[in-house]
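First subunit A sits with subunit B, and in the next complex the same chain sits with subunit C.
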Partner chain A sequence: MKTEDQRVAVRPLLEAHDLRVYFGGGKAPLKAVDGVSLAIARGETVGLVGESGCGKTTLGRALMRLEDSTGGRIVFDGVDMTGAAGRRLRTFRRRVQMIFQDPHGALNPRMSVGAALDEVLAVARGLPARERRRRTVELLEAVGLEGAYAGRYPHEFSGGQRQRIVIARALAVEPEVLIADEPVSALDVSVQVQILNLLRELRRRFNLAMLFIAHDLAVVRYMCERIMVMYYGRIVEEGPAEAVYSAPEHPYTRALLSAVPDLDASLEGRRRNRIILKGEVPTLGERITGCPFHPRCPWRRARCVEEEPALRERSAGRRVACHFAGELGDDAEPEREVK
Partner chain B sequence: MALSEELLRVEDLRVYFSTERGLVRAVDGVGFVLPKGATYALVGESGCGKSVTALALARLVDEPPGYYAGGRVLLRGRNVLEMEEGELRRLRGNEISYVFQEPAVSLNPVFRIGYQLAEAIRLHRRGVNVREEVLALLKMVGLPDAESKMKEYPHRLSGGMQQRVMIAMALACRPAVLVADEPTTALDVTIQAQILELLARLQRELGMAVLLITHNLGLVADLAERLLVMYAGRIVEAGPTLDLLRGPRHPYTRGLLAAVPRLRSVGGEVRGIRGSVPNPLRLPEGCKFHPRCPFASDICRRVEPEDEWDGERVVRCHRWREI
Partner chain C sequence: MNTESVESLPESMTLWQDAWRRLRRRRLAMVCLAVVGLYTLAAMYGECVYWWYRLHDETPPYKRVNLAEQYQPPSFLRSPFGGRETGRMSSLERFLHGLKALGHHPLGTDGLGRDVLQRVIQGTRIAYQVGIVTSLIAIPIGVVLGCLAGYFGGRVDDFIVWLYSTFACIPGLLFILAIAMVVGKGLLGVYLGIGLTMWVGLCRLIRGEVIKHKERPYVTAARALGLGHFRIIFRHILPNVFHVVIVTFTLRFPYAIGTEVIMSFLGIGVQGEPSWGIMISNARLRLWHGVWWEMAAATAAIFGIVLAFNLLGDALRDALDPRLRTGR
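This part shows the complex of A and B:
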């Protein structure tokens, strides 16, 4: 078992540098991803948290080159993949796999589970038939299903089982990076944890680098060592999960954390200082000057309206994009509006 | 609780569906009493029957394929399930109203929201200035800039705004009971918080009873005074919210609580409940939870447990005292 320090010291497997994904050209493109940098090492899970439309799914897709980037670089295992094409791109896409929220749409209803896995093993790995049959059973067992299920069709499985099949298919090509986009949000609570535990086990077993995209902060906490908080196409705060959750520095992270129903706090009868944000989650088409969070920020000051804050290093591995990070104090002042 | 005035009483409610593939007993013997002005939460996973229970309170289940196979729903002593059309219409507008998960589906896309609200008011209340009432309602639900928003079509509003409009429509008739079925599930976390705060405030100000239907246990702790946990068409456990959450008795409630990842949890592995929610067409014999229950014994496989009361708490489990 590696310690945290060793893990951080190794070279990252997947990196993005100042990545930008703009939609629609011209003077006013939609900036879905606007200057995001990240690095994920083998065996590490980085959480990407944000609300709808913040650009987190686009970022995930851009990382495996399913979206064209407008600027910045993607580096895999030390090699620049930004402009890769042809066989290099296909090889890269095999080493980085993605799983999605909806396991229903992801599986072909006319294809038995065994046939779906067999197809991947034949096309992407070029294995002979006997080898494919053996691997199919191995894969199903790796995700906690019986090998005998290979002959069944997607509709014969529950939502949780289908997500297991989707994971098995992603593993079939022996990827090194797994991008999981809201992998449990469509599942029942009692089943969610089964899938989360499966992902934790597979991460250990295959030493996967994982980007875990989700809106559920408790789920992200359970899965990730490091987290990044995204708002309006930008990373507004990142750091070790422990530190970010116990002492969030960006006002948005604070609001997000305080908005989550906290069962433990309720059970202990603790009253929480909840920050209820006014206003709406911005759409990417909106023009916001200065700090993108300023229209909703309870701590907003004049400077925030005029000047966009850079993502600044606050301590080792901890970066925050707020002019007043570290100076906010505990209560939302002075402009907190309570309706 | 003994002193509070009873508003809604559900007794042994059974709602079944005839489908091509067989009979689905979606709700099979549900009972509870909702006092005036109280907030209760009905909690469970998909297919447990919580939404069908909610719809049955105003006899809104589609018949066919659904039918009421037994039991009573008494609102102020009158059985909703035996009401005639006219009486039902008055009930639905004036005494029970609903807020659902997807506001975009519930709002009519071709009418401006002010018009839709005005319709709701005209239908249910006489002798009020409709325009003033529309504005008052929109302000009450915290819709900023109500004057101009009432002229908008639904798609021009965000999900959170649409849900505020839905709540305004539900309140147009000043209902005695508001049934909120997963009212914040489709919304972003920060918007969820706004809507929950709004519901809590309105409940206090208007003194209506609220039945909150949700799968999210974290949500109910702060809002509901009593919790009803449903599984496979039955209420398997009920009690005062904090009491129940601090000391769950039914193995399903225990499993569900253990399965929720906590914001503050560090390190340790959370365990889920083995297996998955049962297929409603093929419910097991005996206790419906026994195939997933780590404590199941012979009696659990054969005999379905009945309500066992203990003070304000009730549980349906043969073995809760031993485990």
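This part shows the complex of A and C:
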């Protein structure tokens, strides 16, 4: 492990090794997650970026063992959790919590907010009734809601408030890892910032490790120290957020970043530098030989079609899955080598 | 951190309260609810009468044979305010006498001089007993099996689906007859026969609903929180599919009553008590004598309760399931 950041140097809290989640057996399974390895340390926030349908959510669910993995291992705090079941699995899940994209669906419509928190405190923490009432109010206040909300039902809240409730419920079990699956993409922009700030504050207060899944690059940059870019069920680029943003090495990352509006650049320059991807994200069921990105890659060469690139360590904590990482033109016009 | 104020929200209302508000807006549903309430009161009154006479060890009026008063038509057809004996009375006396005559066997008497109204009320009592007891048998079976099948899937699901398919493919009445043969004629046979066939439909509906809800995010969230399977099934999913139970109950209640009537009519149902089925069975023989009121009273009672429950069930379904709401 490189020691550019002291926190990363310690043993990671949640690790995945060569994790695979395939749906549907047979000859052509749908490879939602295909050999992903990652490590999240205590207090660290890792961003997971990618287009919709690239397997981000499945990866998040698989890390919590909500999805059965086809292969690979999940290690939590040094203990293998891949085959955990029953009580052990439930305990593991309580130490890793998840925040969902759709805060409306994630709350039981027949349960008042207080009852939902109370249940978690009773079952997961085994607190006595009086203590639970006190904690319920505390939790609601911790996420910026009033304790008086406890008697209300989910449908009486706005989207942002619901997401706060979901966060409060996740915190009720006092988790160590938080998997935030697009926690703000269903919310208004003004509310997004509030929720992001709340997550940042809570992360600091509870020293949470966080996997932050999003498709919005600006949001990820705001939240994360390290980011991973996912494409077609694989990690294609990984590194410290600033490094990846300032000098993306994988063509896909470049394309993603070039799509982010940049208010500083002139319109001319932006238009020139923009990399327009042709075609669609391949559906996960499709068979692609070689690099999964080659059908859409402007830098494609013969080798890309034949050989799948491995995720290579390029520099400290920086890994890229491209044969020609570092050899691509620095910016502007890619050299097109189209048949 | 900004705290949003409580005042910004409307009055708190649970989904059940909301459903009740929606139901209350439909006049037909409220009329049906009132009719069901009347039947319930009649059944409770019948229960009181039954126990009063039973505890006093007397023959209740609906069983008392009085051959002097047999085949009396309903009181309003006996010209209560006229008649020979009222000839020398003042008009007030005549009126009071008429009222008294009106209250005497208001729906007439049957071939043994027993009061038809009392018998119809006792029939209501039996009908309610059958409806409630069969529901108490069928609902737990249907709900528990449906939840287990829907939630766990796989082998459990296969077994439960096989079980209810087996039950469903036996012709209902034959199955009920078979059970009645085993446990003997009488109410117990009626309860078991109907209860053990009625759970199938409910089980199927619950299973489907649970399968639907199992994939909802709130269930995933509950799993992520490390809650146990049974807590998730019965505390999280069941309250969300419980409207199915309520609607099924209101729609199955008249079905159970109808089946009891058929069984009693066939002579394998209620014994020695005036159920509607027995009344119809008895009245059938006297109908060609022009004694129509016994038949009319029993059938009208059945018609009323079946119609009220069915309309109420439909309205409940609309009120409890907003997605099915048909405007208004």
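Convention: the second predicted complex is superposed on the first by the 316 of 339 C-alpha atoms of A that agree within 3 Å, B and C clash if a C-alpha of one lies under 4 Å from a C-alpha of the other, contacts with A are read in each partner's own complex, and residues count from 1 in each chain.
Following the convention adopted for this analysis, a contact is a pair of C-beta atoms (placed from the backbone, for glycine too) under 8 Å apart; a residue touches a chain by one contact, two chains touch by 3 or more.
Because the structure is predicted, anything quoted here is derived from the model rather than measured.
> Put the two structures on top of each other at subunit A: do subunit B and subunit C fit, or clash?
Here the two partners, once superposed via subunit A, fit next to each other without clashing.
> Determine, under the contact definition given at the top, whether A:122 touches first (subunit B), second (subunit C), both, or neither.
neither
> Check whether A:219 is in contact with subunit B, with subunit C, with both or with neither, and answer first, second, both or neither.
Touch partner of A:219: subunit B, not subunit C.
> So, A:84: does it touch subunit B (first), subunit C (second), both, or neither?
Neither: A:84 stays clear of subunit B and subunit C.
> In the overlay, answer first, second, both or neither for which of subunit B and subunit C A:75 touches.
Neither: A:75 stays clear of subunit B and subunit C.
> Which partner chains sit in contact with A:161 here, subunit B, subunit C, both or neither? Use first/second/both/neither.
both
> In the overlaid three-chain picture, which partner chain does A:108 touch, first (subunit B) or second (subunit C), both, or neither?
Second partner only, subunit C.
> Looking at A:145 after the superposition, I want to know if it touches subunit B, subunit C, both of them or none. Which is it: first, second, both, neither?
Only subunit C is touched by A:145; subunit B is not.
> For A:192 in the superposed arrangement: first (subunit B), second (subunit C), both or neither?
The first partner, subunit B, only.
> Give me the angle at the C-alpha centre of subunit A between the C-alpha centres of subunit B and subunit C, rounded to the nearest 10 degrees.
After fitting both complexes on chain A, the angle is 80 degrees.
> Which holds for A:173: it touches subunit B only (first), subunit C only (second), both, or neither?
A:173 contacts subunit C only, not subunit B.
> Just to confirm the value: shortest Cα separation between subunit B and subunit C in the superposed three-chain model, in whole Å.
Across the overlay, subunit B reaches subunit C at a minimum of 6 Å between C-alpha atoms.
> Considering only the contact definition stated at the top, list the common interface residues of subunit A for subunit B and subunit C.
161, 194, 197
> Which part of subunit A faces subunit B closely enough to touch in the complex?
Where subunit A meets subunit B, its residues are 51-52, 158-161, 188-194, 196-197, 200, 215-219, 221-222, 242, 245, 255-264, 266-267, 269, 274, 276-278, 280-281, 296, 339.
> In the complex of these two chains, what residues of subunit C are touching subunit A?
Interface residues on the subunit C side: 1-6, 9-10, 12-15, 216-218, 220-228, 231, 235-236, 239-240.
> Please give the residue numbers of subunit B that touch subunit A in the complex, ascending.
Interface residues on the subunit B side: 45-46, 142, 158, 160-161, 188-194, 197, 215-219, 221-222, 242, 245-246, 255-257, 259-266, 269-274, 276-277.
> Quick check: in the complex, which residue numbers of subunit A touch subunit C?
61, 64, 66, 89-94, 97-98, 100, 102, 105-112, 119-120, 123-124, 141, 144-146, 148-149, 151-153, 155-157, 161, 166, 169-170, 173, 194, 197-198, 201
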